[in-house]
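Each structure below is given as structure tokens.
Shared between the two complexes below is chain A, which pairs with chain B and chain C, respectively.
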Partner chain A sequence: MTGRLGWAALATAAAVIPFFTSNTYYLYVVISVGLLTIVTAGLNVLVGFTGQTSLGHAGLYAFGAYTAALCVTRAGTSEWIAIAVAVVITSMVGAAVAAAALRVSGPYLAMVTIAFGLIVEGVVIEWGSVTGGPGGIFNIPKPGLRTHYWTVMLAAALALWLTANLRRSAWGRACLAVKSSEVAAESLGLSAYYVRIAAFTVSAAFAGAAGALFTFLNGYISPDSFTLQTSILFLLALLFGGLGRIAGPVAGSVALTILPELLTRLLDYRLILYGSLLLLSIYWLPDGVVGAVSRARRSRPAPLELSLSPLGRGQGEGAGTLLVANGVNLSFGGVAALAGVALTVNRHHIHAVIGPNGAGKTSLLNVLSGFYALQAGTIMVDGRSIDGLSPYAIARHGIARTFQTAQVFGGLSVRDNVAVGVAGPRLGSPLSALFATPGGRARDAFIQSRALDLLEAFGLGELAHEPAESLAAGLRRKLEIARALATEPLLLMLDEPAAGLSPAEIAALDAQLTGLRDQGGPTVILVEHHMDLVMAVSDRITVLDYGRVIAEGAPEEIRQNPAVIEAYLGATT
Partner chain B sequence: MYGLVALGYHITWATSRTMNFSQGHAVMVGAVVAYAVFVALGWPFPLALVVTLVALAGFGALVERVAVRPFFLRASPAWLLATIAVGIIAENVAQLTFGKDARAFPSPLMRKPIILGSAGFYPQELLVPVVGLLLMGLVQLFYHRTAYGKQLKAVAWNPEAAGLMGINIPRAVMASYALSALLAGVAGVLLAPLLNVSPQMGTIIGLKAFAVAIIGGLTSAPGIVLAGLGYGLVESFTAGYVSTRAREIVGFGLVILVLVVRPWGLLGEKPSRRV
Partner chain C sequence: MSALTVSSLRAGYGAVAVLHDVTIEVRPGEIVSVIGGNGAGKTTLLKTIAGVLRPVTGRITFDGRDIGGRSSWWVARHGIALVPEGRGIFGDQSVHDNLMLGALARGSGRDAPAVRADLDSALALFPALVEKLHLPAAALSGGQQQMLAVARGLMARPRVMLLDEPSLGLAPLLVREIFAAIGRLREQGVTILLVEQMAAQALALADRAYVLERGRIALEGAAATVRSDPAVIEAYLGRRAGADPS
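Right, the complex of A and B next:
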């Protein structure tokens, strides 16, 4: 509620300013704040939601500005068409840059974006016949300052509204999931690469729009406005305001536009000021001004009135085998982790994989789910080969998994964690997420209600709106299983789900697993050390030792098997 | 030459998986300090060199302490931006104390060009790659032959295990930053006579060196040396046949191209993901 009041106050302030002052200087400053807000709102989608850093957004900003300027001066279009063209072109450029840049991450990504920005700057200066060279483009027809004020304010409001919508949608959750744990996101069928490209493209569109509006502010543009320093300023404003917060861009833009204006006398010290501000905000305000001021507001539960056709798949046809793996080999630098492992798992079975530490159990799961590339052998699931597929593609074949150390998505609520699983790769159109179309909202309500149902079934309903990172270890495991089941998998692979659980929790897990099987749930591969649990729930057991299968059979047979006893207890008799 | 500065990125990356984005500013600081001590104060060159190197090692340690250590464990762009911030501040401080204008740095090796056929060059230009390669060799020796170098490598490989073996990790990271800044300082002193000294000189050198480090592969010192040579050649060809401005466009275009084809650099290792 306080949040709404804050937004209303902000909107009112922006709306009344022109009536109180005729001083064009103030209007100019507020317009600059608006432009910076638009760029940083877009950057927030990329950096704040998705966790990728760009130091080249000045290049995209330049693309928007020059496209708009050329449309008006050369093609003689109207301002509005010029802005639209600028947004479209910049988005396309952004998508292309992203496709190349996002194959890498960390400092490599920073380099690609820096390089992009410098290339744009260089081309703009060099290609004088089109861009006017170092002097830039003059005499661009521009609207009156007051008119432009309204345009920019509305655009900034639109930008914030769009990012708020995006944050609440399946796309927003997917972005945060990828940022928090790429591995877990891929295990739910999300392609991290694809999600990041989408985020980069959205942020490019915002930068393009702001660039175009910048063109019509001054009536001239020159390369000086689009340097690496500009890119750093964008990032600084976002960081200072609050990464990942919807209001962050506003706070950061206001601070970074107005501060230098107040301190014009200290021009010589401006860089020191910027640098210190940047350092201080990273030190003490990891969530920015907005994060420091506001307690995280809890999101309201979504309305549950709609039901769409189910998103899920069935459990495939009938009985028989679901997974057949043969001759699976995996070695790390000459050390064989898996040597010719064969595994056949029947439908609707709980199939345990056990073995001493280092036997290759987790490696086997990682191969089956695509996180380690298969070096030799074949894997068929539901009659289809999954050799060489990436983790998200395998997940889309209906294979879900959990991890030895539970990988919940921090930064998302418990419900949103499960919602990422429910949606899986079905994110819908990014545009419908941005504009919160009725169809998009209906989808989302459906996804959320599904997520809540699952949480109820797992006894996590009460915690639905808690941040996932606040859960204790046992609950994290539960949440992870719920999230994996949310994808409606054919095969669920659990990596030591009982590790660190209390005896009571293990009993509950036992009941849950058998319950799942009896209700015709997914086939389960269970990697586990707790022999009581394994013996109680498993239909079949495969025993690994030193990367080889040493026994396979029903629990009773395994218990008696001399090779297994030897592997566990050492050569005794 | 770029290779020398780029190696600085490799050194810190190899120990700590972080790097000083203001490596170029370290070059600038090196040149400015050398100018202050050698030209302004008129101290003899060897003494000036020692002072510069000590100052630079201190600068590197400072960067580590202020901008990297607080964020070492946070997986975020924090250290990246923090080191940029330190660079910005360093540039501004240099501007205030040194002035904005570029100043010439005298060198006995810049007086008479050597004429070879139609091309002429100064001995100083020859000195840069020679000293550069020599230092790179020394760094390699340090890493592979000395106990301390091996410790630094151990930290890179597995910080927890290295810590358990009694290696002081924060100090190791700080040492790598000091070493990396030291190399940048040498580059600064070598370049000062060629480029003139100015507070703004750092940015573009740093960026190009970073490009070289990325092309070569951050994890591979030989890759970086090769990339440094290749980058220099491509640059002078473009500058010679097209234009000076095109030099940068082509150079950075090359970076993107290399990364699209080989995302981890020419000789870098692809990081394996841990599940």
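Right, the complex of A and C next:
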């Protein structure tokens, strides 16, 4: 509620300024704030939502500016067509840069984007016949300052609205999921690479739009406006305002545009000022200005209610075996983790894999889910080989898993964690997410309600709107299972789901697992040390020791097997 | 005379309090067990004692000295070792180096022979670590990392050990061994505050116990008394409570 009032106040302020002043200087400053807001709103999608740093956005900004300038001066198009062309061209450039640069991430990506920015700057200076060289392009037809003021303000509002829509959509959740745990995101069928490219492309489109609008502010552009320092300013404004917050770009842009204007006499010390601001904001305002303001209050959306399709996508074709693995080998630097492991899992079964610590149980799950490449052997799931597939491709094949150390997506609520699983790779079009089309909203409402239903089934309904990182360890495990089930898998692989659960909670897990099987839910591979749970729910048990299968059979046989007793169970009383 | 007392403690994360009014006492040489459901605040209690979290209100005293709000390295140097949930091992460094880092917090017995002797006894407890001694800790399986975390805690030769679910992810044989090892630590005079979901085993070993529910102490007493409390059996020991825990 207070949030809405804040936005209304901001919009009113922007709308009345032209009526209170005829001084073009003020209009010019506010337009600069608007342009910076547009760029940082786009950068927020990349850095704030997806967790990838770019120090090359001035290069994209330059692409937008020069494209628009050339459209108007050379092709004689109107301002509007020039802006549209600039957005399209910059998006394409962004996608191409991202496809190459995003093979690396984090600090390496930052380095690659610096290189991109420097290349653009260099080309703009050297390619004089097109760009006008160091002098730039002059005499670009431009609209009146007041008209342009309204254009930029509306564009800035649009930019913020689009990012707010994106944040609420399946795309926004996918971005945050990739930022928080790439491994878990891939296990749900999301390609981290693809999601990052999409985020980079969106941020490039915003930078292109702002660049084009910048061209029509002054009527001339020159390479001086598109240096590495500009890229740093973009990132700084975002960090100062509040990374990942919708209003962050506004707060940061206001501060970083107006402050230097107030201190024009200190122009020579601008870099010192920026550097100090960055250090101060990281020390005092780790969540930015907006984060500091909104830390105290948390809004809680009302839960949605919709009907739910039955759990699971069934068991594929017919009965029989779902998974057949043979001769699976895996070694790390000469140490064999798995040596000729064979595993056959029947449909509708709960198949336990047990064994001493270090026997290779988790390694086996990592091979089955594609996190470790298969070094030798074959793995067939539902009649198809999964050899050589990446984790997200295997997840799309209907194999879901949990992790021994639960990988929940911090930064997302408990419900949104499950919603990432419900949507999986089916994110819809990024445009429908940005513009919050009715179809997109209906899909999203369905996704959210299905996520809530799953949470209810796992007794996490009350916690749906809590941040996932606030959950205790045992509850994170439950959340992870709910999220894996949300993908409607054929095969669900659980890595020690009962670790850290109390006996009462283990009894509940027991009921959930057998309930799933009885309702025709997914086949389950269960890695677990709690023998009473394993013995109670399993149809078959495979025992590993030192990377080899030492026993396989029904629970009763395993319990009596001397080799298993010696290696694992110990003498029972 | 208590080794460690916590009185009227209120603590949590940021503005959200997890512990509301917790008072516990751990006497020298005791094993005190804290049981409770997920989200009850057990881990928060250990983290606050260890100085990872700051108390909002309330006192924590150790040997008559107020240690509430001290930083975690200070607390570790003064003889309280936390074996955290989630292990917190140094993956890039070898198993051996992880153990030697544990010895950094030792107050006494920092000479090489004493450290060597403790290293040997830690490895005797977890023989699986011996053959991996010079591999990076990240190459260990999850259960072996848990062993490493407990062994590293022992290397600090602490006076008080805060164990947060030491049995997590361990195979049944090893669970029995680790509980036996905790018993042996008591014989060596180490005071232990034990958080465990395997409540039956923990209560069988402990001298006294506290039941934590939603950030408050719901029940306290001799472990045998707590173990036979009908509400505890119902909530934390499960229906198979009467049977052998294995």
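The criterion applied here is as follows: the second predicted complex is superposed on the first by the 549 of 573 C-alpha atoms of A that agree within 3 Å, B and C clash if a C-alpha of one lies under 4 Å from a C-alpha of the other, contacts with A are read in each partner's own complex, and residues count from 1 in each chain.
Basically, a contact is a pair of C-beta atoms (placed from the backbone, for glycine too) under 8 Å apart; a residue touches a chain by one contact, two chains touch by 3 or more.
Since this is a predicted model, take the numbers as computed values, not measurements.
With both structures placed on the common chain, the touch criterion links A:Ile506 to chain C but leaves chain B unconnected. Once the two complexes are overlaid on the shared chain, A:Val324 sits clear of chain B and of chain C alike. Looking at the shared chain after the overlay, A:Leu471 reaches chain C, while chain B stays out of its contact range. Of the two partner chains placed by superposition, A:Ala342 touches none, neither chain B nor chain C.
Once chain A of one complex is fitted onto chain A of the other, the partner contacts of A:Leu259 are absent, as it touches neither chain B nor chain C.
Chain A residues in contact with chain B (one complex) as well as with chain C (other complex) are 362. Interface of chain B with chain A (complex): residues 13, 19, 21, 66-67, 70-71, 74, 76-78, 80-82, 84-89, 91-93, 95-96, 203, 207, 210-211, 214, 218, 243, 245-246, 248-249, 252-253, 255-256, 259-260, 263-265, 273, 275. On the side of chain C, the complex with chain A involves touching residues 13-16, 35, 37-40, 43, 85-86, 128, 135, 139-144, 146-147, 165, 168-176, 197, 199-200, 234-241, 244, 246.
The touching residues of chain A, when paired with chain B in their complex, are 47, 51, 53, 100-101, 103-104, 107-108, 110-112, 114-116, 118-119, 122-123, 125-126, 183, 228, 232, 235-236, 239, 268-272, 274-276, 278-279, 282-283, 286, 362, 366, 371-372, 403.
Across the complex, chain A meets chain C through its residues 295-296, 332, 335, 354-363, 404-405, 470-475, 496, 499-507, 529, 531-532, 568-570, 572-573.
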